[in-house]
Amino acid sequence: MITLIPRQSASTGWQIATPVMAVLATMVTGGLLFALLGHDPVAAIRTIFWDPLFGPAASYSRPQLLIKAAPLILIASGLAIGFRAGIWNIGAEGQYIIGGLTGAAVALALYPLEAWWLFPLMVAAGLAGGWAWGMIPAMLRNWFGASEILVSLMLVYVAQRIAAWMAFGPMRNPDGMGFPGSRNLQQYPSAANPELIAGTGAHWGVVAAAAAVLATWFLMSRHIRGFHIRAAGTAPRAARFAGVRPQTLVAFCLGLSGALAGAAGLFEVAGPAGQVTDKLGVGYGFTAIIVAFLGRLHPVGILLAGLLLALTYIGGELAQLTMSLPAATVQVFQGMLLFFLLGFDVLTRYQIRRRRTA
Amino acid sequence: MRSKQVKDLTKGTELTDMPVFRAKGLGKSYPGVRANDDVSFHVMPGEIHALLGENGAGKSTLVKMIYGLVRPDDGQMWLGDGAHAPSDPRVARTAGVAMVFQHFSLFDALTVAENIALGMENPPPRRELSARITKVSHDFGLPLNPARRIVTLSAGERQRVEIIRCLLQNPRLLIMDEPTSVLTPQEAELLFATLRKLAAAGTAILYISHKLDEIRSHCDRATILRHGKVVDSCDPRAHSARDLAAMMVGGQMRQIDRSGRQPGAVLLEVRALSQPAPNAEGTALKDIALTLRAGEILGIGGVAGNGQEELLAALSGEVRSTPGTVTLEGADLSATGPEPRRVAGLLSAPEDRLGHAAVPDFSLTENTLLTAGSRKSLVRGGLIDHKAARDYALAVIEGFDVRTPGPHVAARALSGGNLQKFVIGREVMQNPRVLVVNQPTWGVDAGAAASVRQSLLDLARQGAGVIVISQDLDELLELSDRFCALNEGRLSPPVPTDGLTLDRIGLMLGGAHGMEEAHL
Amino acid sequence: MIDPLSVFLLLISASTPILFAALGELVVERAGVLNLGVEGMMITGALAGFAAAYASGNPFLGFLVAALAGATISLLFAALTQVFLANQVASGLALTLFGLGLAAMFGKPFEGVKAPAMPIGPLRINWIVWLGLVMVPVVWWFLNRTRRGLILRGVGENHEAAHALGYDVRLTRLAAIAFGGAMAGVGGAFISIATVLQWTEGMTAGAGWIALAIVVFSNWTAPGVLAGAWLFGGVTVLQLRLQAAGVAVPVQLLSMAPYLATIIVLVAISARQKYSRRAGAAAPGSLGTNFHALR
């Protein structure tokens, strides 16, 4: 019989090893899945994990890596702080959409004005929009005790419908000959979020993601607020004893993660996506949850996990093109990754002992 | 309801010489701990058999093995003439073992009848069970309403539910794990009367406690455990409390030095402090008033759940109160949170070490940041000085003899006594003006308890005011200059501790009429 | 004019998927487990049930397969939380993300085909709707009148105490989770087989999350779940009626109604639970916490 014995403190070695093990297990299981579907498992795994970086079309796909990783890292950095405190914002997708909409609204309202301050203003509006959307579940939890999990998630569906309404209604491009979707912001110089260094895919969102990683690392390891957040997550009563007001923390965590998700949405709308459409939300907000966990809620881990999951996005698209694998393959991979990680995680907290049965 | 007349019934009854329960060579290990080692003893029918030992001596592990919750690594047990090796508690119950737990194994949201049904192997249909609960509980003088939900019951009533649950199964062996820790002295008398009746009917009772006086007056035999081993077996009535304590601890008890304290100016003043109950299980505070002088120790006694945690929260700042209710040296702190109160010099240490006074998963270094950030300059401008925090943790470890490999160790890896020394030390070494502690030696071994108590006395000698909230009346009598009783959220006026007897305290703790007696 | 009876029939039909899923989650939560994977289990059931019904031509076989599929995928969550002691919130989210992906991946071949027709039951009501209505008293009776139901509530209320009394916390929870999975599977299949009559990606559209909210709304009781499901069904029918009537509100805004209604209801009920002076919280005492016993 096998028994689990709690460790005195979480094992650092396993904390680093388990995400790697989860990735490997996902590759093996994914390979089996492909074989089941009648594809060559080795080729499929190589297409997803290798070819985007080093394959024949790598010069096209490499820049995509940063484009896809930036929103994931930006959102996950905020989410991880809340998760540390036991505050579950799972509606980042909605905050992302709203941030994109409010940011774009500024540009569309001022079109065709050209000014240096327009883009910063849009970023501020994106932050504010995401922040406000995140504050709804925060306030409803603080005032009425409503579950922030369910409220933030419901608000994703609401945000999706607002985006659709905007794309078909108020924000529709007046010069678009009746097609849904707003003006293309990439063709509006003051509002565009361009590629900063040609060929890298790096836009302002990438800069913001890097800044977020640094800032959250500083917050969580050097600042007393970060200490309080960690304390509240593992021992809420002790945090209150230290002087933390739970309501303040709820508002801080949901507001911050909402703002970062909103900024990610704005960078996307003004950059790679270019316009407001009803498909504004592409699932970054949900994938970022996986990024946060896979990165162990640690800024550096999130950086690596964000890059890895961005890779699966690109690899998935590549596999869709070259091997006609279903588009949802990536989603399955990401779900499996989280499953394996959560399962292997037992090793960080428990020692596995074999025991004779009585 | 104080019925001592049944006390001597066992002496007259003719009982067989066959023990109800025997254990031989029982042993159990956990990682890093030998919880029980070669434990042998037996319990006779009709006997109230005490299992005596310090916290951590292995009493709980031993009875969990008898009840089938823990499987012994080695040794054997017999119940009657049959081997007893229960694979789980249901097997043990079927064999005739019943147990009343220290921390009740009750389900708050369920009714009394449902709770009792869960503790029986083949409960009768609902109506019949309710009728039997009503009848048996009345027969034993412990009336219970089967339809009530547990949340609505007092601690004493909850224990009744546990006891009735056991009685309905007609057990051969009844195990009671520290049953009086949640009872007033009067309620405890009632409990012993019940146990006497049961013993008279032939039930063997295994009674776990560390309270020497009650064991000396109520138990027929005592088996004493130390570090997991049986060190002695004796008739507790033939020994003094001091002897029993020495057997339990394995040496002389350290004497406490109370000398050299002078009451000074008023430091802390609490006036008309009322708070609604924080939740359904909590207690409302009603019109609390107290004053605390420099150099003074004020003891606050009471049975668990009468507002101790709420009072500590109101003083620590975790819960804020209306203006003018809490003042420290003239400054009104009522509306401030824990941090400003610490800056002003009002510090506290809550009862629950793991999860309230300390973060279990954090290192000792990090745990200093919980309360000492401002007073010890471990945090400046929001930035943490990790080096300073580590140094302070080392200073506390050194100053309070905390046994640990170092400040990097997680709080939950420390024993109860060592963590308590760390928590108390963390506050004391900040030189508070006033320190409020709740249950400072609860679940702590005798050595650590003595050093914690001494540190509180030393703190008062240096001119600080100390409030000790405790359910251990001996501790309050030993430490405090004045004593108040906390009862259903009300605080009695203080009485000087000198000349106060346990009986008198019992009356003070016993409710509204007891409060009036306290005025006499 | 609108015939009240036909509106009522629409209402109970619209509420059926949520009713099944919420009844299942009610039992799971009463056992002390918070499974946020309802959405993932529903979509799995929706696809598996549709595929089986399409392949066999028998819708009832579809529902049976949906129940099995829902239960099977719920065991992933069960293994993570009960064996590997993983965080329940994270594991539930993982189940939802995984289920949505899996269904999208295997659902491609079934896009655009039509489900076999459901035979109509008594009173022009679908048999599965009847089954859902019958499950309400059955779940109530199980929880409140049977020994196993009592043990399950005990495990959910205080797993330490249940363990101390000798009950198998893990086994009880595994069974509850599997039941919840089966019910969610049937609920999902009702959407694909009996409502939309075809398979589309992401067709559960948050129904699983609404079911979770309805369990809170119900105060963890079976009759409360029915009331919540009907309330939701009412909002959905109303919203569709308004759309059909051509009200001058954009369709996208009208279709927010179920989600907004869920938030409003959740807030109202949470506020009542928070501020009511009645003794004892309604949520099971051990909800969402894992149990690990050292023996």
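Order of writing sets the labels: A, B and C. Residues in every chain begin at 1.
Following the convention adopted for this analysis, a residue touches a chain if its C-beta (ideal position, glycine included) is under 8 Å from a C-beta of that chain, and two chains touch if they have at least 3 such contacts.
The structure displayed is predicted, hence computed values, not measured ones.
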TODO: Give the chain pair that accounts for the most C-beta pairs in contact.
DONE: A-C
TODO: Report the chain whose mean Cα position is at the greatest distance from that of chain C.
DONE: B
- [ ] Express in whole angstrom the distance between the two chain centres, defined as the mean CA positions of chain A and chain C.
- [x] 27
- [ ] Give, as an integer number of Å, the spacing between the C-alpha centres of chain C and chain B.
- [x] 44
TODO: Compute the distance, rounded to whole Å, between the mean C-alpha positions of chain A and chain B.
DONE: 48
Open item on the list: Give the residues of chain A touching no fewer than two other chains, as numbers and ranges.
Closed with: 5
Task: Where chain C touches two or more other chains at once, by residue number - done: 294-295
Open item on the list: Residues touching two or more other chains, restricted to chain B: which are they?
Closed with: 71
- [ ] Using the touch rule from the top, collect the residues of chain A that touch chain B in their complex.
- [x] 5, 8-10, 222-225, 227, 230-231, 234-235, 237-243, 245, 358
TODO: Sort out for me which residues of chain B touch chain A in the complex.
DONE: 31, 71, 87, 316-318, 337-339, 342, 350, 352, 355-363, 366, 369-371, 373, 379, 382-384, 409-410, 412-413
TODO: Provide the residue numbers of chain C that touch chain A in the complex, in ascending order.
DONE: 36, 76, 79-80, 84-87, 89-91, 93-95, 97-105, 108, 201, 205-206, 209-210, 212-213, 216, 250, 252-253, 255-256, 259-260, 262-263, 266-268, 270-271, 273-274, 292, 294-295
Task: Touching residues (chain side chain B, partner chain C) in the complex - done: 30, 68-71, 88-93, 101, 104-110, 114, 117-119, 123, 149, 151-152, 279-280
- [ ] Note which residues of chain A are touching chain C in the complex, please.
- [x] 3-6, 88, 90, 140, 143-147, 149-151, 153-158, 161-162, 164-165, 168-169, 286, 289-290, 293, 326-336, 338-339, 342-343, 345-346, 349-350
